[in-house]
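Alright, structures below, take your time with them.
In the two assemblies presented below, chain A is common to both, partnered first by chain B and then by chain C.
And then the complex of A and B:
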């Protein structure tokens, strides 16, 4: 960490402050609840700093990403690639690179990056603020209804610097607007590397956003993502995450239901093979009255993989009329796999109805028997059962081409 | 028209506003060590109790470990810093002659128990319960010893056990909760004053429920009990622990350790009603209760914890079961009530090691006034635990705007054959529920009481009959619950 963060953008004092935060508070350890099961040794091998531009040619994205026509921003190793991006879109949509946006409208963007000490959750978030250069900005005008999904692609091609690129994504929805954003994170090569991507989302009153996160970087990478959402009154946020790649794949959401009657619906699938560690950290904070939230997470763990679900529902004082629920179900397919689930409820208000449930189990023996007794081979029966389990989440995605992409990754040829 | 509710039915509101009835202090002449803790205090306690060398060594080892440990801060508790140097680590009623019968018991002490509603002399006749009464740190009297001895059951104070059954104590002491287990367990191991020891021989079904009343009495005296229960193969025992402490303004520290050993096919049922002084409505005073309770279940053994936690300003307590033997069973039933400014961080740990092990967790938390109630539990299925099963249900009830209810479970599974289910809910008493009851002629208070009792019923059902009185002490009457 030799480079000075202010060299990237001296106008932003927040960078230096964020780096001070890291100096002061250090890196997370097993004692931090949100990092309890993370592979800390491996994480320590990553280095963080200003983006290291790609020296080789950009890989062919072709089959790596879902087939979505329309506006898209492609970020390669932390830098926007304008050739691969399509910045134009329907009326009401404004797309730009983060670097440009911060140069042109520093004040407007400041709200996404100026964080006081207490708002920084961990060292990796601080490093993202300190070193994050480029990324994507999606702005939707008030009242606009966008039919085409907006695609943000992050491509990681690591080199010997082992630099984890710090990228920022900003999504702002004006009052009464609606949009769908798909963030696809991929990479190439078998070299060790990582990405540290921070997405900040503001959804104004009565607006509605579907946000799909597809994480499928190579198994030699580590992937850290942090999604910070603030919702206005009557707004709707649908989060769909598919945490599939990386040796350590982390998807962390913090959703603040700040306006009354807002609704957040988060669902996700994590499907681990090999020795992957797939970590979901979900925090839904009810700070206004009469909000509703739902969390549905499914984990499938094969080989020696580890699945982590730490989902919280926080109901702050005064958030009366809260209705929140959470469900996490996990399938363990191998005797070396492992699941750690922690469904939390922290309630400081009256008139609330909250519930959560978590299960860990294996494939249903009787269902297996039923299928085999009807001539379906064991391998096929197993696959059908796993697919059926995963589909509980996959089916929640509204875009067909994204569902197809996920199913291909999961080996559902029959879909 | 529904019959009027029994007079003994008390409401939560009464409960939360009622003064602590047991806040008196009996003036016993007490022998107190000066405040502070160092090696000489550990030696003093050991010599006062005339302990063998090995036990002193064990205490010193624990003390050395404690010196290096840090006070845990992970619990959801806001605690003013505890000054361990201001606490006196030894207090004993002055030496009295050895007593032959109940009549010889100090009248002051007998009166104190009378105020608690558990007169010893009556207890002896009316109930079939042996009581090992502890006032501060030393056992005053032990009843029913003879009856128990006939069955071969040893039930005595810890000090007596050290003298009379040193081999048994030495073999099992610290075998479930090692001295370095945690900060408070280490502290207890260094300075524990007394407690209970219980040994059930092979194949014996203990003829009666065993019971201990803990009573914190002296000002500024930490209480450091140590309980050890050993159930040999094929034996069975049910143990009751009840606690009440007099009203004090200064916080009193309580750090107990309970160890249970259930050998092959043995069964231990351990029930607690904890009703210590919770502090006043401004959070002044009250007991700080940091307890380490753990059992080890061998093959086909069963350990069951039932607790009703309504007292103490701070409760930090996680009765746990190590399911070591194949087919062993662990159970945890809990009602925790926090009102005034009470804070409770309590739950359980079920560690599945053996094959076909089963655990059940039922936790009911009630928060009222400014109370903060946290369920914190761990269910851990190790790789070796083939076909392990766990079912967890934690429900929280919120009665008021200023209180809080939190559920923080940890589920760690390393075996694909495990079936683990966790369910939790947090809710308030619904207007419609109250309306329904009131429509049928109940007062709002009666209705509330009934709903709360219904909420806790699954746990109350697990309490032994002997605790019916205690459950009234708790303030949540059992009589109000629908059958």
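And then the complex of A and C:
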């Protein structure tokens, strides 16, 4: 075990407050709408705490992650591994470990961590704030346009302590800047463990961010992620999540459209096998006028897997001229699989256009027959149809090597 | 090449084909005409192997028993059906679909697969035949295609698959005159001594472009009249009323038989 949290970070009060929050509010249960389908007993078996040093050698990342041109920060068991990381990048980009950044610029980072009670959504977020020591910080200067993607890789290698590391990622885009950040979460080993990663993103006026989340930890792990985004006026946020690994994989977004004419476009794919539970909790908050948001999520559930899409659109008073859409389409491949899809719309402003729709279906029998009549065997036709359904999310990713990696992960051919 | 003996097909207890008999020789094109609900599409699907029908009788292609085969095996045996309503498959690239289809059939026949570059040449030739632009290959199968584009895509597939027997189910429906000319031109170009075609249609119009060797009239699930292409002209002028009246008694008997 490395140093205790008090030693590694001066923001003791914030950490203590977060622990107090847990003490006071307790852990979520099935009665919490956002945690209804989570395996609470199993989550309680995880040991959340300060980073646990790796007892084995660092695994070979090789094919576990997409090959990207550009700088990267690799975090292993909650601690930045400088040997695997390339902290230098193009002009206008500043990369550092979270540990260094909080030590050197505590005031600047405080906004991401010193949360008032109402900003903490649940005990796991509080634990992340309380115990999170290290992680990645990405800052992009105003006006900078970054041509290469920034890769943040989180590697979990749990041991018999059932450790789940609490890691922080901070992304700040200056006014008028533009960047792509890929967060890949992987793990090694068959030991039970987990990761609890909290990403806070601020996108200043006129800036644009594509944020790709690749969750592919082993099936023996649980993964909790929280992505908290605040957008300035005329800014653009593109979120693409691929929730693929873990026995319980949770991807939670809270996007605050805080400046007028901001645009948020969130899409994602969850693809479950075995008895995986893949949970998407999406909250888009329109707090400024004339903002647009899109949520486009697809689920494919095989075997006895469970998918959850809980998508919220909150239009706050005064956010007139809001244009929000949400769609969730699901493909169920087995009679033991299930999907729970729920739109939540709360509209407290005027002149609002809000659309939502959800579908749950099985493989299109007429398409199966059509393909088979062309000589394509049933197994292959099924695979083509499933891939075709999933590809419509994959195609939204702008980086080819990321698309290739996802296709390989899903057992697709590259087309 | 194709023998159809006493073919019956029922769906949900409703008899659609009644003891249908048909012989198709090599290098023949025949038109299959009939009123709505006479069983034309069911005949096509019975050959292609669609699920959900109760089928009896015998259908052989070059001696092989088709009725025992899965749809993909029938395709490998040389059956191609041009769909009246081609299915949209969003997310599946047309070229990938076509190449997978061709190579699946070739694999089933023990032939070598066609590589990506060779396939591009094969598909280019087929595209010229139906006057399709290259971007067709990169779109999803039939997704967002116009009615005419879908039917051209069917003929494109036929050109690539090079079937022994093509059954074209109302390939003319929903086509304007230009699209009809293109589709018919494609079909005519694909005539071959090793290939026969069944052209199912409502109207004489298509048969102006694709001149059949024989015309069969299907009413109430059986062939009530056969002749040369002038039979189609007769039907265009007089409709099906003659045949429907002729058949009244016979069809009642067969329905009674099916229920007992």
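Methods note: the second predicted complex is superposed on the first by the 403 of 415 C-alpha atoms of A that agree within 3 Å, B and C clash if a C-alpha of one lies under 4 Å from a C-alpha of the other, contacts with A are read in each partner's own complex, and residues count from 1 in each chain.
We take it that a residue touches a chain if its C-beta (ideal position, glycine included) is under 8 Å from a C-beta of that chain, and two chains touch if they have at least 3 such contacts.
Quantities reported herein were computed from a predicted structural model and do not represent experimental measurements.
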If we overlay the two complexes on their shared chain A, which of chain B and chain C does A:205 touch? Say first, second, both or neither. neither
In the overlaid three-chain picture, which partner chain does A:332 touch, first (chain B) or second (chain C), both, or neither? first
Which of the two partners, first being chain B and second being chain C, lies in contact with A:183: first, second, both, or neither? neither
After lining up the shared chain so the two structures overlap, which partner does A:134 touch, if you call chain B first and chain C second: first, second, both or neither? neither
Let me test your reading of the model: by the given contact rule, A:391 touches which partner, first (chain B), second (chain C), both or neither? second
Regarding the shared-chain residue A:358, is it in contact with chain B (first), chain C (second), both, or neither? first
Determine, under the contact definition given at the top, whether A:375 touches first (chain B), second (chain C), both, or neither. second
Can A:348 be said to touch chain B (first), chain C (second), both, or neither? first
Please work out whether A:279 is in contact with chain B alone, chain C alone, both, or neither, and reply first, second, both or neither. neither
Residue overlap on chain A between the chain B interface and the chain C interface none
Going by the contact rule set out above, which residues of chain B touch chain A in the complex? 74, 381, 383, 396, 398, 400-428
Flag every residue of chain A that touches chain C in the complex, lowest number first. 364-367, 369-378, 380, 384-385, 387-392, 413, 415
Which of the residues in chain C come into contact with chain A in the complex? 48-51, 70-72, 74-76, 80-81, 83, 86-93, 96-97, 100-102, 104-105, 108, 140, 157, 161
Within their complex, chain A touches chain B through residues 31, 317, 330, 332-335, 337-362
